[in-house]
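Common to both upcoming complexes is chain A, partnered first by chain B, then by chain C.
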Partner chain A sequence: MRPILMKGHERPLTFLKYNRDGDLLFSCAKDHTPTVWFADNGERLGTYRGHNGAVWCCDVSRDSMRLITGSADQSVKLWNVQTGEQLYSFNFGSPARAVDLAVGDKLAVITTDPFMDSPSAIHVKQISRDPSDQTGESVLTIKGPQGRINRAVWGPLNKTIISAGEDAVVRIWDSETGKLLKESDKESGHKKTITALSKSTDGSHFLTGSLDKSAKLWDARTLTLIKTYVTERPVNAVAMSPLLDHVVLGGGQDASNVTTTDHRAGKFEAKFFDKILQEEIGGVKGHFGPINALAFNPDGKSFSSGGEDGYVRLHHFDSDYFNIKI
Partner chain B sequence: MAAAQQTKLRWGELEEDDGEDLDFLLPPRQVIGPDENGIKKVIEYRFNDDGNKVKITTTSRTRKLANARLSKRAIERRSWPKFGDAVHEDVGSRLTMVSTEEILLERPRAPGSKPEEPKAGGDSLAQLGKGGAVLMVCRTCGKKGDHWTSRCPYKDLAQPAEGFVDKPPVSESTTAAAGATKGTYVPPSQRAGAERTGSDMRRRNDENSVRVTNLSEDTREPDLLELFRPFGAVSRVYVAVDQKTGMSRGFGFVNFVNREDAQRAINKLNGYGYDNLILRVEWATPRAN
Partner chain C sequence: MADVMLMKEIETTADRLGIDLATVDLDSISLPPGQDFGIVSDDEDVLQGGDNPELDIGFGNIIIVDNLPVVPREKFDKLEGVIRKIYSQIGVIKEDGLWMPIDPETQKTLGYCFIEFNSPLEAELAREKTNGYKLDRSHIFAVNMFDEFDTFMKVPDKWAPPEFTPYTSGENLQHWLTDEKARDQFVIRAGSDTEVLWNDARQLKPEPVYKRAFWTESFVQWSPLGTYLATVHRQGAAVWGGASTFNRLMRYAHPQVKLVDFSPGERYLVTYSSHEPSNPRDANRVVINIFDVRTGKVMRDFKGSADDFAIGGTGGVAGVAWPVFRWAGGKEDKYFARIGKNIISVYETETFSLIDKKSLKVENVVDFCWSPTDPILALFVPELGDHPARVSLMQIPSKDELRQKNLFSVSDCKMYWQSNGDYLAVKVDRYTKTKKSTYTGFELFRVRERDIPIEVFELENKNDKIIAFAWEPKGHRFAVIHGDNPRPDISFYSMRSANNTDKVKKLTTLKGKQANALFWSPTGRFVILAGLKGFNGQLEFYNVDELETMATAEHFMATDIEWDPTGRYVATAVTSVHEMENGFNIWSFNGKLLYRILKDHFFQFLWRPRPPSFLSPEKEEEIAKNLKKYSKKYEAEDQDVSMLLSEQDREKRRMLKEEWEKWLNEWKRLHEEEKLERQTLRDGEVSDEEEEYEAKEVEVEEILDVSEEVLSFEE
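Up next is the complex of A and B:
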């Protein structure tokens, strides 16, 4: 395959997200301006100007009309996807790290980093249909975990919130009361910071990637560990194919060490694993720096990766990808 | 400046203007195509830095990527106007490019085996020893299997050779690899004791490379592989292709795992008639000895 290279960002990529139809790709980077691209040919559709810091995460509503972005400028903004107009800005006292819209797009979960004296927190906000009714009040605030919470997503039926972060523990919270329901086991769980978390299409299980050089597959209801994928470099990004039983891990050595070694030693490929057999299928090379973001097109026929090198690489699979045998 | 546009334009004033406001003087943008080959031509006019009118013709080819079925909403989104920074995108900015490189999903070496050897250099060496094939031939002293060319310490350090050793003992090759590490620069992160990330520095072995010339234009890599495979294990086949026309340039290279196989292929196929042409097959690099 010949990937499409998109050079719209001037700083390392942080997050990639497809809309539900898979025709738009949203990219976030440390350069303050989230960007939307056509996912078929990589043409840039527009940018969302207004943030004043690195943008860490984004999510798009099911009807592809609203975009929510979380940024290090201590704000989370709502945007009109079509015009790039800012609709609302939630302001926090600390940088926002993760955002995720609930099923139905009426609620959003937002995590904030520890900053000054305030510890990290998970906020649940109401999202109004009409942006003029939007308020900034939190429905629920959860505090407790130490260190950054790198990802928080909604569990099945919006009943739970799944969070993971620097303390290497995956937690499931009750989304109404804020009570801690489940915690991953220290023995079987990750040993280092969890950097990425990605839900399956049906939401029944999810994949976490960690700097301990492994990715783990968990049941979203019971938090039982299903599978572990071991690789030879820290994992910064994970994605699951909606079409085949494949998982993709992206990562690479720490960005601060990149210049000291041969680029082949960095292991900047996106590694494909068989979801069930936990065996490596192959690697896709190309980035000149660690991969920070991965996303699968909802149709499963293409995926994109975003790297520390500032490039988004959009890969449309060749036909032989679909009948790889292990 | 707006006033200048309103009043009748006087040529004397044109010089003072910075040129950008004169865009209304330019012929309109023209889009031709895309034709049945997907080739689209965009003709634009603009002023360059010297204030001269220039015509910019951009020819682009849109590739058809799988006829994806799109929802109505997605088709509607396709025609959304650009916004934000994308509005002022220059023709030449080239934010989106198609990679010139063909990227493959690289399978791990042997499906089912361990994905990565912890020690790249020594291990691949040892494996070769086991397989009976000798991949390394020192370019400096021509000795096989002992050391790499770059590290050839000439005769002094070389182990006593019994003529041409075909199957070096495994132990010998590993010691050679270990001894060779001193004196070369090793990045701190890969020094002994540091966490080993192990670069797989598998050099391309261009020793057993065979050049094939006078190929017909229809010859592709699989054809060449088919032609040369009977002589032995082939590690690489390459046919030079013209970047612009996509036609074969009439020559290619075949790398053999074993030198003997390569020699046999040369003996047999040099002067062989293939596709109405007489092939010329020779060693790719003229040998010093």
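Up next is the complex of A and C:
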């Protein structure tokens, strides 16, 4: 499994996303241009120019026609995937942190950071089929949680919104009324900032990663805590294999401490865990900075990681990987 | 102040109430305390801004001096002058702070007086210093704190016989030694929790014994034989122990105690505290108490300024070398000693006083240490003027010098006793001829042999820097890490040689090792060559009998290594000096990693010590000879456990898998149920099989051109 190194970003990676077919990989970084790559050989297809700040998150529509990106320049932009043309820009009064398209791609959930006087918020926007009909109005705005909301995703059937962030609490909201439905338990839940959240393919469960050096698996409907994976590092990124019962955690210490320690001390490894037994099964080394983003190809046969070092590493699994026996 | 009423308003209000303002003395009105009727005083914000003023509450700063001469009026002033003179040396007496009552009938003083000082601290000091002060033969001061007087008055006049409580036998404090699986305990401190655990190496995990949050305020410490666990609190120290759990057995009051130390036989506990002086120019005030562990009684206390205790040695708290008092070896706890300026004070525990009522005079002594088993002191005196430096062995209590060795051009000296007290190694750093650098040699004392022969021992390359030195416990070998390059060499030597020529024999040298510390197994034979700190936790498990490496391993960033008291297991720990990797690993003696536990904010790992074995050396040898016979039983047990373990493991996995299946089925069911709804959300797109991907190769045939040609057919 010789990884393909993809050097296209000048600054640390923030997010990675495969399209549904698994042939395209979208990457976001703190430089201002989201990039699309061939997921097979790592060739760069193109960039989306227009943002004026770090891009924190993106999502791509089911038909791979539209890309939505959230940026620290206080805007969320819609793009034509094929041409790279900017279709629309939602403007906010504070940096956008997370974006997620709903089933059917008619709605998008966007979170914004606390900034100046405004607290953090979750916004729901209508996405029109025809970009000329697109408006910037919010269908719903939810406020309440303290601190940044690092991720917000749609629950099953778009009925709920699942959010997680700096206050270490996972929350489920009603996507119609904005009412808080469920909150994760303080005792069993995360103890520090939740940095990552990744849904299973069928949306039935999701994995959260936190700076408390653990990742947790939750039921998306009942918010029942199912599994906990404990590691030695703060977790910045998580991903679940769609094929095998594996989860991958990536992380490392704070970027500000990286220079003070040995590269081994940093342990910038993507750690594989058995999803059911919660045991570590292996690790993939290579980055020389903490891992900030992880994504599995929807076919489960490759995954990519993005690091603070500015590289995207694309790993195609060897055949032995599919025969691991514990 | 906007709220201030105008005088006019006051007058009208007074009129209305029918009060003649002229008759009211405004100054005599005082408001109830804490009430200002909304009128803010000009002084108030001044008070609120600063700290609350110190109030003279109680009589803590007043002392009563008793047993004064009874004098008539004429001599009153003279006596007062004398008292003033004595007490104003100690503290500042308040104005009108000295009051000597006079008997109205006899017009004579009553033989006592009250003195009020500026602060309770001064009063305390005055009481301490002058209680028992001899003014003359018949007038010996009895000084008491005023606050304590009540308690003294309450003492009943009639003596009542104390009630005898019937004897109840205590718990077996050494119950942990009777563990069926012969496991060892250890204590760990992480975050606010302190936990005692069994090291269950067979099960590859620790088994909890007792856990408590905020058990101690700074650290915990086992007593040397493992009976007690000492905790440290603001009010004093406490010891814990018991058969099944940890109960508090005794408390030792000592405010702000900082350090504790047990005597080797754990009969006595030494506690230490250091207090900020009231006058910042003075050194800290040091209080040391020696308690009897079982009764909790203070056997002796020492008080003084930190300077008195800071002679010789280095490190410790605020310049005081800890332990201040070093105990002579052996379980009897007979002697303890401390070093002072040009003296060594040796005390004995029968009376808790100096041996022969005087300290040992040793000019310019800087360091001493006891033999771990015998009452023998090893002293080091550096060079002074014409006198050479000197190391000598002294027998206590006779104070006979057993052996002495003069040394020249010495820069520093360190003494290492072998654990049985058989040998003493003195590491001597000497100046080279140019005095610009130093080199190191050793003086080896064979303490058990007649006349204590001394051997001078130098490394082959005597310019090598010595990084570490360690005796084999209970053995005759020692190991030295030496060398100047980043990968030093390690050499092993034996004090015995084949033909008994009393010469140190070199066993082997290991070249270029990543090691800076030596950790011998408590039973000898095995040693861990560890590269801590700069070497990132390299470990090499070495067998000195066979002179071979058993295993090499790494505990990344390890800071501490400790062998269990039986020498079967080793713990390596990363304590919170680093932020990352905190936790500990347990290894078998031969370097197999058994289990690892990660804990954030990990502070301490301590094995519970075991008392020495009751078996005689002959008996031990016999057991070692027939080891096969004994070990059979344990091997069988080991196998049973490992069978059970794998069985349990399988069972656990099966359970987890089943549980997971349940979730999966539930999710599948719900997913199926929601299928239609999802379709509508997607505007009727049927393809819902997100999971099922099939890469189909589709061959498309396109007809580009059709042309007909008639070919002639020839017959």
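The criterion applied here is as follows: the second predicted complex is superposed on the first by the 326 of 326 C-alpha atoms of A that agree within 3 Å, B and C clash if a C-alpha of one lies under 4 Å from a C-alpha of the other, contacts with A are read in each partner's own complex, and residues count from 1 in each chain.
Definition applied: a contact is a pair of C-beta atoms (placed from the backbone, for glycine too) under 8 Å apart; a residue touches a chain by one contact, two chains touch by 3 or more.
Because the structure is predicted, anything quoted here is derived from the model rather than measured.
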Which holds for A:Asp299: it touches chain B only (first), chain C only (second), both, or neither?
both
Just chain B (first), just chain C (second), both, or neither: which does A:Glu232 touch?
both
Once chain A of both complexes is superposed, is A:Asn91 in touch with chain B (first), chain C (second), both, or neither?
neither
Should A:Asp202 be classified as contacting the first partner (chain B), the second (chain C), both, or neither?
second
Of chain C and chain B, partner touching more chain A residues
B
First (chain B), second (chain C), both or neither: which does A:Gln82 touch?
first
After superposition on the shared chain, which partner residues are touched by A:Thr177: those of chain B (first), chain C (second), both, or neither?
neither
Where on chain A do the contacts from chain B and from chain C line up?
22, 232-233, 253, 257, 261-262, 264-265, 299
Note: in the complex, chain A contacts chain B through residues 1-8, 21-24, 33, 35, 37-38, 40-49, 63-64, 82-84, 232-233, 253, 257, 260-262, 264-267, 269, 272, 279-286, 299, 301, 313, 315-318, 321, 324, 326
Mind pulling up the chain A residues that touch chain C in the complex?
20, 22, 62, 102-104, 106, 156-158, 201-202, 204-205, 213, 219, 221, 226, 230, 232-233, 242, 245, 253, 257, 261-262, 264-265, 275-277, 298-299
Note which residues of chain B are touching chain A in the complex, please.
62-63, 65-66, 68, 70-71, 73-74, 77-78, 80, 82-87, 89, 94-108, 111-112, 115-116, 187-190, 197-201
Under the touch definition given earlier, write down the residues of chain C that touch chain A in their complex.
536, 556-557, 579-581, 598, 600, 653, 656-657, 660, 663, 667, 670-671, 674, 677-678, 681-683, 690-691, 693
